[in-house]
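Following this line, the structures themselves.
First chain A sits with chain B, and in the next complex the same chain sits with chain C.
After this line comes the complex of A and B, so read on.
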């Protein structure tokens, strides 16, 4: 009796050793892409700064009642990015805004990926009227102007970061579902799936052992690419005044800049930083995503 | 007229991060205008690399030394424009993978016309002339006119290969390079294709470079044969001499790989690489003996079809793929189901396995109709196993050999030590020592080893019956005999029965006890191997036998 668990754990350790080797290979190939590496490093620095925001710039620096900076002041040595119309340091707001923007971007993307992967695999794997109906639902979400739906959702639901996450998550999964569906169809046409059926495999085995592992790398690459657009969507919704007004985000900074006339008043130090921050983070995610994509799909290399 | 000359050609691949590989080493060959040369060899012998060099189709990581010249021009020195003119209109190539060489989203007729448009010759300047030419070409390769509006996926493998040949002939080339053009085809279509190529050589005087692993195919088509191994030409000479009186051992092995039907020395004794290993006729455990135990005809069949009919509904209407077929398979008996591509044999196999539903009739397992629900099918799934044609795609590339073999054990929750079961199955499939293979990935193994893994995955469930769909069609000639020998030994040792689907009559002669001949969805002849293959009654069986290329 003792031999069975030992041998299966031996098999598992062999499997995990191979997984580790595979991960090492992915990392080596990723490292060979210079742009992907630059994106990853910049991204890690930004994430670190966002996490350390409470240490670097305590929350009281955002409290208008506790600060005495001049308002709309251009950058100086003590206030490197100047101040906003309430007298808060733009640098501090930017740091705290990164927390919200990155959180929304990552969590909304995860939500969208989970929905997209589950629906995509279901539509690709099963046939029949159920799958056909589900496919039409995917098409519905695909053609729906997602921004409008997100606006409606965040207007109907209670205001807050999680509402924004939900609004972005449920409106952006359709293209992932399409992608996963086509990959599922490709995998399922392979003879080894037929072999699995003939061995007596059920749906769970076919999906869990064959389809999901083959779909995941694609989903991973797609995730990093989608984070960028989720961050932009968050900024858009915040800019339209649908975000959480108590927490600064890069989008809400832009909204304040517009509302207070900073944008038209020539206070460039308040308009440019959040805009550039969005551009840099989205670019980094895209660079990392592209590099991952070319690791997974070597035919894209050199394009 | 174009003469093709290889002069001391060496081709080296430089894969990034690895040592350079010499695929072709110092090869000198000549194909005279109007002559034909066959190049024989197994996978990895460098024969395809040689073919690619003619049209300068090698990847950038390959370097070529020596000289390849077509019609007196060194291919390496041609300008891009001249090279384009050479490709297709002077020299054209027929690849082996017709499925991947055709555009999947365009109708095949358009694709043939496209080849004419890209290399306009004055003869086919108008659209009408081109369409006429396309129809002539389809007729030349014996394809029905209605197929010109088909998409590649709607055609069978043989039909697709014929479209490829029609495309290659489109611009009246002087030199045709055929890289395993008939490997995926059944004997009848292969015979037609070989006839077309022979006719072109004889009547139009084209030069033909024909690459194949099957010496009998080359012998029936080419004037001369060169045998390649590991990048070197080991033997070259007139076809008849090479196949009947080979001077090199390797040529002899290749010549032996495909049996002569009616030759008693190869009956129930497939050729293997090392003859002594597989044919100790006095050791019953090793198999390969003519005195095989006969299955008891009174025994209840393990798998039977009872008036099974399967129809497909396509754009063109309803196609009856399997037409009122009844058959019985018993354990301890190997039944060969032969027929050409499109005869419905694969559909019949899928229906017998419960992977496809019969429109009428019943499939009986152990005398009872096949249940419909997945749960009730479990005992059936364990007892009857499938072996697929192409072992490289029948294994998940991400799963180790251990996982591939253990898959069925896990699905059926078999008791006992999993590793022990896996190693026993690998051992039964003659992958020894089993422990050495468990952690390997499929791409690290050779084709024959992969097919053994597929068989081991089936054996792990201790089945009573195997359904094998073209189990050796995509394997090298010398490996073919080993896999067939394995199936014979499994029958002897484990009493395993098998239904082997094949277009290769030699295979039936090698291992089968009974033969069923299938034609257009119906079984037209049935009987023991000797009855059917030596004394065929039905016209179609006679036609099949006549189409088998013979060595001498």
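After this line comes the complex of A and C, so read on.
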């Protein structure tokens, strides 16, 4: 009576030890990619800054009625990146903008990944007319210009951060679904899946125990790569005035810069920082994503 | 109104497609030397050039160049002056207006202009409500219009009317228009026959509007051979074009302050911060209802309390708002009639409220709105007060104003949720009464009758979905209406002005809208190439968006010698130039945002 749980816990600990070892191996291989490491470190610093924004720059610094800075002022020692057309410090806005941009990028990507993985595994695993119809839906989303769809969505729904997340999430999952489907097909053709079927495993066991863990690394690498494009999509939508103007994001900073004529006025300190911030973050996500990809798919190495 | 909105929506889709096209069409500046063409950069929407339908600022402004009115606004102060008519008489009961038309005038195609033309024009608007889309309200009081002889026009009114009925309505040539089949759908955008200083020759959507001088204009042919409006999707691009000498005037719509400041010291360019005929303010929903008192929309009930509306006014530091969001380029407002019409503007300093959050707090306390645990006041049903504030997402000034207003109202215990949206949605929701607060703006003609009229109970809708509402703020007051009828029939200008001022005082006290300021129009032109541009009003007025045709009437090129100088100064692009190009490119790629802005200004652009 007592042996069963013990052996089960031993099995669990064996599994977790194996997973820990696998994770360690991934980490060692990842570490060997210098660019991936640089990307990760810079990214961690940016995320930390974004999380600590309320501490580093209290929210009252964004309240235009409580600050008394000159407007559109070039950088000084006390205002390292100058001020925007409302007199807010560009550095403070940039920090707070990182929160929105990163949040939207990450959450929208997660949403897109969840939809893409579920749909991809479903169409890869099941066959029949249901899967065929679902596949056509995937194809539909794949050929649809996602930016236009996202613009329409965020124009129709109430403006806000969550609308942007939804708009990006539901328009960008199709390629992930395709990717996951092909991986599912590859996995399911392997002998150990056949063995599982023979031992009487149901759909749940096959998908949950075997297919999902096998596609996850691929999804993870894909996620990191997609975050970058989600951040760009967020900036684009905010730049087009479809975001939440009450919360600063990098895209909305660029929009304010354009609308207020900052370019003509020569206020480079208001135009360049949000643009560069987008470039840096997207670059970091790409570096990390590429490194992860080459860990998972060794054939990519050395290319 | 519904018809207009549908039209606007359709056009917006077209504009989206257009926005994806070229952002700034290149113009060959000095290609042809002989004809003198004045190029104006414009970023406003064009709905149609059909004068019976068009309601946007740019096409209605262009029609002011094309069609002379029966009576014109004077360049000095906008008072009625000679147009097609040289003089007019009003009967003692103010019910019959008799106009004398100038002899010997010709349309641009050489046909004579007679009283049959205005008679036919007005008749169309009176008999077909679709032909009255733009200016139908101006003829609603007309009982009949007669042309007893070619030089005389007699308008008989249903009710006495003191404001001149010959103003504002473009008079079209009868011999051309009576041959047109579907007059409502007629685009009127090529080889137009007109009576004004310039006539429309050609319109290329999203690119340009070409006008040529009318040799038959009754004041003589203008000195310019033509005027071309070059369409820019982005004012930044138009500013660069002015610096490079590709266009000769910018400022339609107003430049931003940084753009304006960057042009101040530019060689060969003269800037003008003109006193406009607009007011901007914050509209509050005083409890939208139909004419027979049924509720419209879902406005927050606390705003039905006059004390709350007055407290909101006291909680907003309007001078600081003007200073911080528009760098002081405006005159603080006292009412909805701008200071360019001093004879009509009410301005009783002793009754004007000052920024005073303590007094606002006291007023709200006295009115029984107790503060809840988090500092937000509770309404009469015990719920925390939370007002929606609509913000046009494409308008950066709107956004920055909201950034100020939210904390100021929070300081007096009023919660505000900013709802960023687009101009079309704001327009639809406010008509349907589904709003608490939004930023409002109107351009006024020289006679306040229209603006006063939309504050009467007659402007309220009859249906509970708000359809057919022309009301400015969904506010009305029987006492105001009584004075409205009085001033409408008062022929003595001084007495009429006195009544109009009383009406504004009533409006100020009721505070259905908080009038912020009368913004200046920030504009600039190439003074090294052209001179003798006329502002309206002459003293400190605007060049763009006039309610007359004066800006370019007397404009003429500066001598050929200075032309070379301009070319050398135009070449250098500022440090921010390349950034501007990049940003403009991004905007062109994105497209849609700009049309929202244009649409957002629909209400403002309405005459």
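Definition applied: the second predicted complex is superposed on the first by the 303 of 303 C-alpha atoms of A that agree within 3 Å, B and C clash if a C-alpha of one lies under 4 Å from a C-alpha of the other, contacts with A are read in each partner's own complex, and residues count from 1 in each chain.
Keep in mind that, in the parts below, contacts are C-beta pairs under 8 Å (C-beta built on N, C-alpha and C of every residue); 3 or more make two chains touch, one makes a residue touch a chain.
None of the values given here were measured: they were computed from a predicted structure.
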item: First, second, both or neither for A:201, with chain B first and chain C second; value: first
item: Contacts of A:106 with chain B and chain C, given as first, second, both or neither; value: neither
item: Chain B versus chain C as contact partner of A:26, first or second or both or neither; value: neither
item: Touched partner set for A:242, first chain B, second chain C, both or neither; value: second
item: First (chain B), second (chain C), both or neither touched by A:214; value: first
item: Contacts of A:49 with chain B and chain C, given as first, second, both or neither; value: neither
item: Which partner, chain B or chain C, touches more chain A residues; value: C
item: Where chain A meets both chain C and chain B, residue numbers; value: none
item: Residues of chain A that touch chain B when the two form their complex; value: 3-4, 7-8, 10-11, 14-15, 18, 190-192, 194-202, 205, 209-210, 213-214
item: In the complex with chain A, residue positions of chain B that touch it; value: 353, 355, 374, 377-378, 381-382, 385-386, 388-390, 393-396, 398-400, 402-403, 406-408, 410-412, 416-420, 438-439, 454, 457-458, 461
item: Touching residues (chain side chain A, partner chain C) in the complex; value: 63-66, 71-72, 85-87, 151, 155, 158-160, 236, 239-246, 254-268, 271
item: Parts of chain C lying in touch with chain A, wherever the complex brings them together; value: 234-236, 239-240, 255-259, 261-262, 317, 324-325, 327, 391, 393-396, 399-400, 402-404, 406-408, 418-422, 574-577, 579-580, 582-583, 586-587, 590-593, 596-597
